[in-house]
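Each of the next two complexes has subunit A plus one other chain: subunit B in the first, subunit C in the second.
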Partner chain A sequence: MTKQDFRSRDARLGFLLVLPAVVLVILVVILPIISGIQISFTSQRVVGSEYEFIGLKNYFELFEDKQFIASLGKSAIWVLANGFFQTLAALLIALLINQPFRGQNFVRTWIILPWAVPAAVTAILWRWMFDASSGIVNTTMKGMDLVQKPVLFLANPDIAGMSLTFVNSWRYIPFLTIIFLASLASVPEEEYEAAKVDGATPWLQFKSITFPNLLPTLTVLGLVGTLWASNVFDIIWMMTRGGPGDATTTVPVLMYDMAFYGYNISKATAGAIIFLFILIIFAFVFIFANRKQFVIASDTFQDLSK
Partner chain B sequence: MKLNFSIFSLLRLFVIIMILFILLAPFLWILLASFRPNMELVRNQSLIPNSLTIENYVSLFSKSGYWQWIINSLIVAIYTVLISIPLIVAGAYSVYRTYFWGRNALSLFLLSVYIFPTALLVVPIFRIFNDLKLVDSHLGCALMNTAFAVPFGIWLLQAFLKSLPPELEEAAAVDGIGRMRTLIQIIIPQVAPGIIAIAMFAFIVSWTEYLFAMTLLLSNDLHTLPIGLTGIVFGQYRVNWGFAAAGAVGSAIPVFLLFLIVGRWFIRGISAGAIK
Partner chain C sequence: MASVALKNLYKNFGQTTVVRNVNVEIDDGEFLVFVGPSGCGKTTTLRMVVGLESLSQGEIHIGNRLVNDLPPGDRDVAMVFQNYALYSHMNVSRNLGFALKSRGLADQEIAKRVQRVAKMLDLEELLERKPKQLSGGQRQRVALGRAVVRNPQVFLMDEPLSNLDALLRLQTRKELIELTTELNSTVIYVTHDQVEAMTMGHRLAVMNKGEVVQLDPPEKVFNEPSNRFVAEFIGSPPMNFLDVEVVEENFQKILKSDAFDLVLPKYWDSLSESEAILGFRPHDAQLVAEGGVAGRVTVVETLGAEKLVYLKVGKNSLSILVPAAEKIRSGDQLRFDLNKDALHLFNRADEKRIMLFKQS
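Coming up: the complex of A and B.
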C-alpha cells in the first residue's frame, strides 16, 4: 500500500466515523432552524392553524416590543451572572479540592449529585428551602435574628433573579467542577516535579503549568457553558414562570410563554431566530478570539498518515 | 511557617465542608421533609419533626404513576445510552485520532448544537418528528437526547483518547491490521473507563430532560419522571410539600444508586487516567 493510498483511506474512515453524529445534529438542529425561519415569516398563531406569508412583520413587531427588548437585557444579565460566574466558581472549587485530603474520593464522587437530578427535583428542593413561612433558610435567619421579616426569595422582584442564579449555579457548578478536576488530573506530573526542582513558587507553578494546561478546557466550557446558560428554561419555568411580574423573564421564557400561552407561534419563533442570531455572532467572535485553543486535536495523527 | 501552613489547610477544609454542605444538605433536608405530614410542614417551623409518617410515600407509590414514569424514564435513558455510545466513540476517535481535512471545523460544528434555543424551537421539532412518525415515541425522545449528549460526550473522551500513545495504531498498521479493526480490538478496550463515563453522562442527560419529553410524549402512559413529577407537584394550586418531597426523593434515588455503583468511574473516565 502506498503512503498516499493509506492516507486517503484513513481520511475516508475518519469522515465516515463522525458522519452519524453529524447527520443527527443536522436532523435535530439545522432542519428545525430552517423550518423555524419559515414559520417566522408567517402569521401562524397555533400549530396547524391557517396562516399567510407576512414577510418580516413579526421581526418589526418584536423590535418595537418593550417586553422583548427587556427580556434580551435580562438574558444578557442572566448569561453573565450564570455562565461567567459558574465557570469561575467551578475552577476555584476544582483547584481547592484537587490537592489530596481525607475524603477526597467521596467529594469527587458525590459533589456531582445536584447536576444529576431532574430540574423538577431542584425546583422542589429550593422552592421548599426558600419558602417564606416554613422554609429552612428563612426560619434559620429568623432564629439567628438576622432578619425581622421573611425574605421573599422568589416573590420579591429585586431578589428573584439572584435566587434563580444561585439555584441554577447550584445545579451546574458541580458538573463544571468535575470537568476541571479531570482536566487538572490530566496535567503531566513530571511538569510539576521539574518545577519543584527549579524551586518554583506555587503561584508560578499555577501560572506556568496549571493554567496553560487548563486553558483548552476553560475555553470550551466558556463557550458551551455560555450557550447552556443562555438557553436555560426548565428551572426558571418551574420556579417563577418568569415572575414576579417580568422580573425573571429571559428570552426563552418569554418566547415559550408567547408561543403556547399567548398563542402566537410565528412571532415567538421569530424571537427565537433573533436570539439564535445573537448567539451565533457570540460564538463566532468567541471562537475566533480563542482560535488557538480550539484546535481540537494534536497533529500527531497527521504524521501517522503521511 | 509550619503554623501558617496548618492554618491554611484548616481553612481549606472548612471551605470544602461549607461547599459540600451547600451542595448536599438540601437532599438530606428534603429526605427529612418527605417523612413529615404535610400539615406539620406548613404550620410547624421547628427543625425537629413532631411526628413521622410514610403517608407521602404511600400516595407516591400507589396513587400516582410513579412506577410507570420510572420505567418510561429508564426506557428513554437506555435508548439514549445505547445510541449515544457508538456515535460518541466513533466520533471521538475520528476527531482525535484520524486525520482528514475539516475535522476541527466538524467538531466545532457538533458543539454548535448548544447554540440551539431548545425552548424556542420545539414547534419546528414537533413538525419534523411528526413527519418522521417519532412523536409520542420513546425512541424519538431518545434521539433528541442523543443529539444533545453526543457533541459534549465526544469532547469528554478527548483526554482519554489523546493520552493513548500513537504507537498503538502504528504497531497495528505495521502488523497489517486495518484501522477499523484497530479501533474495535485495540482502542476500545483501552478507553473502557471513558465509555463508562460517557454512558453515565448520556444517562443523566436523558434522565433530567424535561422540555422534549413534555413536547414529544403526548400520551399519559408514556410520560417520563420529570413530566409526571412536575404535573403532580406544580399542577395543583397549592403545593403539598410532604408529597412533593417524597416525589423529589423518589426521583433522586435512581441517580443516587447509579452513582453509588459506578460514580467513582465518572471522573476517572473523563481524565487522562491519573486518578486512582
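Coming up: the complex of A and C.
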C-alpha cells in the first residue's frame, strides 16, 4: 500500500467525523439565515400570512427609519459600555483572586454562580432589588441617608441604560473572570520570580509580563464579547422592554418589538440582516487587524488543552 | 563582588524541615557549588539566598549586610534559572536590559551595557529575537547575560546547564568557568551533577536530606569523603562498598569479608573498630593472574577507553574498571588486587569516615 493511500483514507475518516457537525450547522445556522434573507425581500406581516416579493423596499424603509438608526447607536453604546465595564471588572477580580489567599479554590469555583443563573431569574431578581419603593437597593441607600428620593433605576431614561449594563455585566463578569484566571495560570511563575530578582515593581511586572500574556485572551474576548453584547435581548426585554420610551431599545429589542408587536416580520428580519452584516464586517476587520494575537491565542488554547 | 555568609539556615514547609542548620561562608570571588541528589534542599537554600523563599531560622549576609528581610530586588544578586525564565514577550535586548530599566537607569546607559554584554556573550546577532526564536544554548547565554549585565554582588545559578544537550553542556561549562574567572565573580551554583560540581567548584557543599554533609575543595571531597553518602555520590562510576570485619593477626590489621582477606598497610595499625564498611573506587583495582580477590563477571559495560566490569564477589556485587583491551565476558572468573593506599573505611553504625592521624 502506498503512502498516498492511507493519507486519503485518513482524510475520508476525518471528513466522516466532522460531517454531523457540518450538517447541524447547515440546518440550524445557514438555512435560517437564507430563509431570513428571503423573508426580508417580501411584504410578510406575520408568520404564515400571505405576502409578495417587494425587493429591497424593507431595506430602504429602514434606512429612513429614525427609530432604527437610533437603535443602531444605542446598540453601539451598549456594546462599548458593557465591553469596557465587564472586561475591566473581570480583569481586576481575576488579578485579585489570583493572589493566594485562604479559601481561594472555593471562591474560584463559586464565582461562576451568577453566570449559571437563568437570565429570567436574574432579570426578576434585579427588578425586584431595583424597585423604587420596596427594593433593597433603594431602602438601603435611604436608610444610610445617601439619597432623599428613591432612585428610579429602570424608569429614569438617563439611568436605565446604566442599570441594565450593570445587571448584564453582573451576569457575564464571572465567565470572563474564569477565562482571565485560566489565562493568568498560563503565565510562567519563573518570569515573575526573575522580575522580582531584577527588582521590578508590581506595576512593571504587570505591564511587562502579565499584560502581554493576557493580550491574546483580551483580543479574543474583545471579539466574542462584542458579538455577545450586541445580541443581548433577554435581560433588556425582561427588565425594561426597551424603555422607558426608547431609552434602552437596542437593535435586537427593536427587531423583536417590530416583528411580534408591530406585526411587520419581514421588515424586522431585514433589520436583523443589516445588523448581522454589520457584525460580520466588524468581525472580519477585527480579526484581520489583530491577526497576530489570534494566532498566539489559538496556540495558547492548544497548549492549555494539552 | 562580595562574600556571602549563611548562618544556621533552616527552612520548614509545615512539619517538614527541608533545610537544616546550613552554615557556609563563601569568599569574595569564590565559586561554591551546592551538590546533592533531588530533594536534598540545595535549590531551596539558593532560593533563600536570592529571597524568593523566606527563612524559618538563621541569617544570610551578603557583603556586610544582613539581607534576611530584604526583597530579592534589593539584595543585589542575579539569578540564572534552570529553565532560564526569559521574559517571553520581550526580545533579547529588552530581556538583557530589564533589570537596569527596573532600576531606573537612563536608556542610553542601558543600551551601552546591553551592547557590551551582548558582545561578551556573542549575542549581538540575536538582540531583536524573541526567546521562542532561540535555541537552547542561545537562551542559556541570554539568561547568563541578563545576570552579567547587572554587575551584581553575587551570581546565583540553579542548574543552568541541565537543559542543554551533552556536547553543548561541556562547551558552556568551560565558557562559564572562563567568564566567572574573568569577572572574578562570587558564584553560588546548584547542581545534582557531580561532574559539573567537581569541575566548576572551588569548593563543594555536598548536601543530603537538608544538611551540608561535607564542605571542602573538590579533590578533598573525592579523596576523603566525609561519609558513605558523599563517597557514593561523588565520583563516577560510584564507589564500591562491602561490610568487613577488622581483625588483628601478627600485629597486622586485616579486613575480612565473606570472600577475601585484605592486609592493611602499617598506618592503619591504630584502627580500633572491629567492623567497618570498606569502600574502594572501581579504578583502584588492577587485574592480576594470581592471588588477589576472585570474582565472577556478571555484566561488562564498554565505556570506550575502559570497560566497567560488574562482579559477584562472595555475596557482594562490585564493579572495577579495566583497560578496554582486556577480553572479558560475563561468566568469566577474574582476579584483581586493590590499591591499598586508596581504601576508604566507614563506620558501620553512622557511616562516617574512619579517620586516622596519618591521613588528616
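Keep in mind that, in the parts below, the second predicted complex is superposed on the first by the 271 of 306 C-alpha atoms of A that agree within 3 Å, B and C clash if a C-alpha of one lies under 4 Å from a C-alpha of the other, contacts with A are read in each partner's own complex, and residues count from 1 in each chain.
The criterion applied here is as follows: contacts are C-beta pairs under 8 Å (C-beta built on N, C-alpha and C of every residue); 3 or more make two chains touch, one makes a residue touch a chain.
Since we're looking at a predicted model, the values are computed, not measured.
Of the two partner chains, subunit B is the only one touched by A:272; subunit C is not. When the shared chain is aligned, subunit B comes close enough to touch A:120, but subunit C does not.
More residues of subunit A are in touch with B than with the other of subunit B and subunit C. After overlaying the two complexes on the shared chain, residue contacts for A:107 are found with subunit B alone; subunit C is out of touch. When the shared chain is aligned, subunit C comes close enough to touch A:196, but subunit B does not. Within the superposed three-chain model, A:208 lies in touch with subunit C and out of touch with subunit B [touch as defined at top].
Once the two complexes are overlaid on the shared chain, A:67 sits clear of subunit B and of subunit C alike. In the complex of the two chains, the subunit A residues touching subunit B come out as 6-7, 9-18, 20-22, 24-25, 27-29, 31-33, 35-36, 39, 47, 93, 96-97, 99, 101, 105, 107-121, 123-129, 131, 133-134, 136, 139, 170, 174, 178-179, 181-183, 185-186, 189, 220, 223-224, 227-228, 230-231, 233-234, 238, 251-253, 255-256, 259, 265, 268-269, 271-272, 275-276, 279-280, 283, 287, 294-305. Here subunit B touches subunit A in the complex through residues 9, 12-13, 15-16, 19-20, 22-24, 26-27, 29-30, 33, 41-45, 47, 86-88, 90-91, 93-101, 103-104, 106-128, 143-144, 146-147, 150-152, 154-156, 158-159, 162-163, 166, 169-170, 173, 179-180, 183, 204, 207-208, 210-211, 225-226, 229-230, 233-234, 239, 241, 244-245, 247-248, 251-252, 255-256, 258-259, 263-264, 266-267, 270-272, 274-275, going by the rule given at the top.
On the subunit C side of its complex with subunit A, the touching residues are 50-52, 71-74, 77-79, 81, 83, 85-90, 98-99, 101-103, 146, 150.
Those residues of subunit A lying in contact with subunit C across their complex are 188, 190-191, 193-201, 204, 208-209, 212-213.
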